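Here chain A shows up in two complexes: once beside chain B, once beside chain C.
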Partner chain A sequence: MKSKLKRIINNMNLARVRFSIQLISFALFVYGGYFAIYLGSKLPIFACPYNGKSAGACFLIPLQHQLSMPAQILLGGAGIAVIFGILTFLFWFIFLNKAWCGYVCPFGTFQDWLTYLRKSIGIRYSTYTQHQFEKLSKIKYILLAIVVLVPLLIGVGALGGEWGAAFCQICPARIISPTFSGDFSQWTIDFSTKTSMVLTAIGMVFAGLFLIGSFVKKRFFCFFCPMSALHYIFSKFSFVQLRKDGSKCTRCGDCYAVCDMQIKDIADDVVSTEILRDDCILCLKCVAACPEDDALHFDIFKLKAFSSTKEGFEKRMGIAKPKGDAHDKHTRA
Partner chain B sequence: MTSIQEHKQKHKIETPNEKQNRHKAMEAIKVLNTLKEGFKEPPKAMSYFYDLFEEVYCHQKALHTDKVKVGTMCIQIPSEIIYALDGVPIRLCNGFYTDDEIGSDLLPQKACPLVKASVGHLSSKNLTDKPDMIYSPTTCDQKTKAGTLISSFGYDVVDVDFPRTKESEISREFFRRSIRDFSVDLSHKMGRKLTKKNLRASISKIGYAQSLYHRLSEFRKSKIVPILGNDMFIVTNAFFFDKLDNWIEATEKLVQELEQRVKENLHVAGKVSPRIVYTGSPPIFPNYKIPLIIEDSDAIIVADETCSSNRMFNDRVAVDEWFVNDMIDSLADKYLKACTCPVFSKNDDRIRRIIELVRSHNADGVIYQAFAGCTVYELEQRSVLEAMEKEGISILYIESDYSPSQHGQLSTRVEAFVESLKIKNRNRK
Partner chain C sequence: MVDFIKRDKNDIFGKPILGFLFKNQKFLMALRVVVSVTFFYALYFGFAHPDKENIFTGALFWGVFWALFMVATLPTFGRIFCGVCPHGFLGKYITRFGLKKTMPNWMQNRYIGVLLLVIGWWGVYYTFSGFWNSPLMTAVMFSVLTIVAFALYYIYKDMSYCKYVCPIGTLTRAYDKLSFTKLETYTDRCKECRTFECATACSYDLKPFTFAHKNQNDDCTLCMDCSSACEAVKFKFTKPSEQLFSKFKTLNAEIWTYILILASIPVSMTFAHGLNRSSIADTMIWNKTAVYLGLSEYAGGFAFLYALIFTIFFSLLGLYLASKVLKKDYSTTFATLGYGYAPLFILGSLGHTLESFFTHEYQEIVAGFAQALGFAVDVEPLAHRGDAWLNYFGLLKWIGVIWAFILIYKRLKLIEATKVRKFFGYIFGSLLVFFFIGINIYTGYVFKTYGAKQGGHGNHGAKTMGKSAYEPSKGFSKYGQRVQVENVVIKDNEPLYFSLTNPNDKGKSSFSMGMFSHGDKKRVPTKKVWLVYGDEFNDSKLAPQTNVESFYYDTKQNLQETKVDNARGVNTYSFEIPNNGYYNIFAKNETLGDDTLFYKVAKLEYLHASHGSEESYTESIKNRVQTDKSDIDLIRIKDKSENGFFYRHFSGDELHFQALLHGEPLSNADIVVHMSSGWSKHLKTDEKGMAKFQIIRDYFPPWQEFDKRHKEEFLLTLTYTADTAGKFQGKEYKNIKYILTYPASYYPNSSDYASYAYALLLAFVTLLVSGIIVYRFRKNRTRPFNEVRYEE
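Now for the complex of A and B:
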């Protein structure tokens, strides 16, 4: 019974399952507000509250808000609130690890839909070279530093109040998310102060880049996402992990070929067991595309919940008995 | 006058090609007869393969008269692309001593017998399925130089650049470009375009053939092994030149028969026969010298790590978006990155593969054969032996060539090794 269930799971059509989960999550975090659903403001995804209909909010908002409190208050009782916020964030996070990105984040899902659009037009995706990849991969940490440091500088009085929620001002999700519920008001540049003007202008540029970027490059924004960087700091604490058995890996590169994030280690690293990398969105496409039994597996605690198998691979890649061409039959004397 | 004419009719002088054919037929039939009669009940489905080899090598039957034949010098040329363009890949790696001797006149004495035989065969121009063009990946030194030599015989030979390291990103990009160029060149020559549809269908078809191989391998993991390693070599060797549809059909039948055999507990070796993983220079029909000695010495080959068998089928192609270039890139990655050929600077992958095969197939030992003159396998011997020692895996290293002469000495060594494995197993119990 157990092995039968395992086989069904390992043989599943991951792309379809994922599409369904993403569709439901997108509806929830973009339109959940219509049904009075609210899951709090410590979510580990880009569920943007600038879109009034979201069923929750991105943790980076309260984080920036809390950290921008005057230093004395922050070091006093308010510090506890920050810690409590992080704990709540962690509570959500540990259940899904980075699968929040690959399955739940509406902003991630939107990029996947742009990918479907590009694919249906018949345009091939772009990739970074290894050199570009290594350089650009650091940007998300710079953005995370902006999320944390700018509010702290406000707190000590080094920066003015107009720097508040600085990251949100440049974040493309702020501009694009409300659009889904018909609110185009974020597509503007705020001319109230010089700082706001610069920040919101950068935001507009980023939003434009986002739309073009994610059209030509799979999961374009996730590569730069500070939330992704924050996830990575805590990813070891999660119940769910992506693991690899290097002894079974032949380095054929199938996992790398399907990876939206171009993570090379997934194919080339045969030493690490914990193979989740900072850019990973835990979409599990690599597991689905691996033709070796149990070489890659998605674990809940220590249990292999979804493993790569030969059979599953053949099913998903559409490898089937070819239809016989009668004329090609070998005639034998 | 009349007596001379009569004399002429009686003694028709054999042409060199006829002599070559006759010698090759003798080599081929000897191995086929050994396989058919020297062992416990070969599967009935094997007769397709035995007949195929007999027809091709004893009766010079051409299989692909209606198709463009694309010769390949090594496994790194994606057959998926050739089939997609409606060509037939013919792998030119050769295992005949007769051809090896012809090649000896053209290459250094100490060159690899496989390369000498391939060159010898092509220089004789006596081919049943003569390739219309040849693609030569620049793998080892000898194969690389052989390509140029072969083109001097009048064949259309195209070098396909192949890197000698595979860890670096440069090598990946390099080989992707190389395979793209190859497909452009072939598509130009075939007057056909590589399309999403034909390439995908071809990947799926080869994938299916691979899945059949995987199912055969699966049988060999269990205690009851329903097929000899030598028969497996015959099956995989047939893939070098057979019609793909026929190969698939015959192998499907073999899979079905083996399923039945497993149910009947039909084990092709003895109860205590040691289980061997075979690695090294590829056994190519009819040079089954070492594999035959092994299975004659009461051992059974349960898996192999060679380019004439496992390496040809093991790795698969996955694609995220089925655009032509994505498929080509993924094909290139598979043929480069998963390749465990010893031509690469580092080759930990090969060692890992051997260890994994030993573990997954419950093998008792490894036999590593290198052709005398196959420098890269000879060079890698030390590191593999060291790694096996570290893992506590027994290994025997043998050097051999295509000549029929050293049989006695080789079988003594193999028998001693097999005996030592048996003693080890007995002591363990």
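Now for the complex of A and C:
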């Protein structure tokens, strides 16, 4: 029974399953407000509350808001609220690890759909060179530093209130997410102060770059996402992990070829067991694309919930199996 | 010997600036000479000017050397102070020409240095307060140390003074383990080596080529002599306190240093300087003991003694219990887990040192050096006590606590035991950390509950008090004199209305009042409002205590009592706002003029919104409040666009109102809208009692001054005269004049400052430009290589 269930899971059509989950969560986090669903404001995804119909809010909003409290107040007890905020964030996070990005995040889903659109038009996609990859990969940490440091500087009075939620002002999700529920009010430049003018103008440029970028490059924004950087800090504490058995890896490179994030380690690194990297969105495409039994596996605690298998690979690839094959017999038994 | 080496990425010697600072021998020599000259000049200065006028000696020894430089470098770059220390610097030359005897065994004891520091310095410091306090004593002490040091360098070999007698020798060795640097060698290159220049260069008789393997640096003072002898020596970045994560040859003296320094600095300071300044200082055990023994003038010494006893007791008890549950012998447990206590002192001290550097030490250091060079300067401190950012230094102590917890966890991994045993071993092993947390929390609690002693030392007391230095009465007392119960009589037809700000506090920002009310979570938040009168918004006056009946409806439309507070002659109406939603507060006043009953109602619809609450905004929240306590009512009809707790009115919005009398629509009533800017408009209700108006745009500042959170107020006054005769307090009247007020506020419309056109233009240009770039780039890469042809 158990092995049967395992076989069904390992043979599943991941692309279809993932598409359905993404569709449901997109509907939930973009339109959930219509059904009075609200999951709090500590979610580890870009469910942007600037979209009034969102069924929850991105954790970066309350984080920036709380950290911008005056320093005396923040350190005099209100800091507890920050710690509880992080704990609530962690509570959500540990269940799915970075699969929040690959399966739930509406902004990530939107990028995947742009990719489908590009594919259907027949335009090929772009990739970074390894050199570009390494340089650009650091940007998300800079953005995370903006998320944390700018509010702290407001708290000590070094920056004015117009810097509040500075990251949100330059975040393309703030501009694009509300559009899905028919709210175009974020497609503006705020001229009320010079700071907001510059920040919102940068936001508009980023929105433009986002649209072009995610059209030609898969998961363009996720590469720069500060939430992704924040995830990676805590990813060790999660119940679910992506693991690799290097001894079974033949370094065929299939996993790297399907990886939306161009993570080279997934194919190259045959030493590490914990193969989750900071750019990973845990979409599990690599597991589905791996032709070796158990070389890559998605674990819940230590249980292999979804592993790469030869059979699953063949099934997903549509490789016809000759009748009477030894392998076939083996799997039937 | 290795002449050339390709340096690792984490090798400090390979970095451009740091490499120069740590490796360049000429620079290091110059630095050592400068430090030594300053050192001896300060000693001379101390003898020459033994009185308090001399600020240089103190500034150098107690401002720069100890505290700032030591504490800032030990947990970061490590023992680099030893590398420039004048004793060690000159000692190397002395020892070279000395007798080179072996130190007798009884002197080869690291506790000599530790106890000299703990008892000789700190014990005296607490017991005889002020003993070390003069420049003369400082100079005498360092001179004695210098003489002893030079004598011992002359007699004994291998810099034994530094290792065993120097009061801070073992201390620096112990805390160096926390640093994120480590001196070692490229061991694979060392395999080829047969000459061992690094060891010959070392004045301390150490073998740097073994440091990597041993995972520790023994008594290395980071003088970098070895690095000039051989290129295979590296000074590398590691993770902070990485040495402590794995095994090495432990030294009990180091652990005792952690414990004793923790006892003699932070714990004793908390006792002798912190708690002793609280108003319940007399009940503290050390003061009681001192009084009991009749030695109350030495109470500080008893505080120190008790600090030692408590700290040693908790550390040893914890480690003993841990050894029992772990089923290991005590000495192993002590040597393994004891290293986890290292960060407790040094990080807390770092926070304190940095804070005092910015508040006053900097000033003293600059003034001191100016004095030494013979001129006077006027320096401002870099920060003032109470500056917001200084608070962040207080976090360092807690980082130290967390670091200690992590270290104990990592050290526990080196012990083999079952998981359950390890769990309890961890709890017991952390007992000292809990004790340290405990006294910190207890001190905060004591000051919060009992307050500081009156007339204590102003200087240090302010440190603990600084955090609670909010004096709410201060703001009011200034206005207190001005506020009097004015004997003004409000005219019968003059309306009363609610104000969210106290008109007597005009000019004070009322905006931030509700923003950060993260106080006591259990207490129900309340909102205060004031009842005012007067036509002019900017000149509204507090209504005198009149015969007002006030009540309010909460978010669930239940009738509640308003709390009226009459402090300093100001009537404050307050109501509880536990939930997000609309609160309707009313104040009713009936007065009888000649033949007319004036029925005045002030109404305020207050929308409360707080970020903390997770309530959702539903349509039912918009339900109108039916009041039977007021005959007349004016209800704002909420349309669909009103969809959140943070809803605000903006200029341009159209507001709809319905007037009700006895619950029935009231037609033909007059409504006057007054803007705070002076604009006003007259409306009349239709047969359904409805009236509407559009909020005007009334805010035209220059761009630089534009504030999108600019709030403008307006007031609706509903008046209606009914020919109803009746009796009021025994007197007859012929008609009733109803006067109802409804204040509200609005903000600039986003169209005043937000531009779609520029935004879309910018986004479009970005799209276009980046699209073209991407296209061109791809085109270039796909275009086949064009052969260059020459036309012949």
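As a convention for this text, the second predicted complex is superposed on the first by the 320 of 333 C-alpha atoms of A that agree within 3 Å, B and C clash if a C-alpha of one lies under 4 Å from a C-alpha of the other, contacts with A are read in each partner's own complex, and residues count from 1 in each chain.
By definition in this document, contacts are C-beta pairs under 8 Å (C-beta built on N, C-alpha and C of every residue); 3 or more make two chains touch, one makes a residue touch a chain.
In this text the structure is predicted, and so the values were computed from the model without any measurement.
With both structures placed on the common chain, the touch criterion links A:P62 to chain C but leaves chain B unconnected.
Judged by the touch definition given at the top, the superposed model places A:H297 against neither chain B nor chain C. By the touch criterion defined above, A:H231 lies against neither chain B nor chain C after alignment on the C-alpha atoms of chain A. By the touch criterion defined above, A:T250 reaches chain B but does not reach chain C.
In the superposed pair of complexes, A:R174 makes contact with neither chain B nor chain C. Using the contact criterion defined above for the overlaid structures, shared-chain residue A:I212 touches chain C, although it does not reach chain B. Once the two complexes are overlaid on the shared chain, A:Y125 sits against chain B while remaining clear of chain C.
Overlaid on A, the two complexes show chain B and chain C touching no common residue of chain A.
Contact residues on chain A toward chain B in their complex (touch as defined above): 119, 122, 124-125, 129-130, 246-258, 260, 264, 267-268, 270, 285, 289-291, 310, 313-314, 317-322, 324-325, 328-330, 332. Chain A contributes residues 36, 38, 40-41, 52, 62, 65, 69-78, 81, 126, 152, 155-158, 184-185, 187-193, 200-201, 204-205, 207-209, 211-213, 216 to its touches with chain C in the complex. Those residues of chain C whose C-beta lies close enough to touch chain A in the complex are 387-389, 391-392, 394-395, 467, 516, 518, 611-612, 614, 616, 618, 643-644, 703, 706-708, 750, 753-756, 758-760, 762-767, 770-771, 774, 778.
Only residues 51, 63, 167, 169, 172, 201, 204-205, 207-208, 210-211, 214, 243, 245-246, 248, 252, 314-321, 323, 325-326, 329-330, 333-334, 337-338, 340, 348-349, 352-353, 355-356, 359 of chain B touch chain A when the two sit together in their complex.
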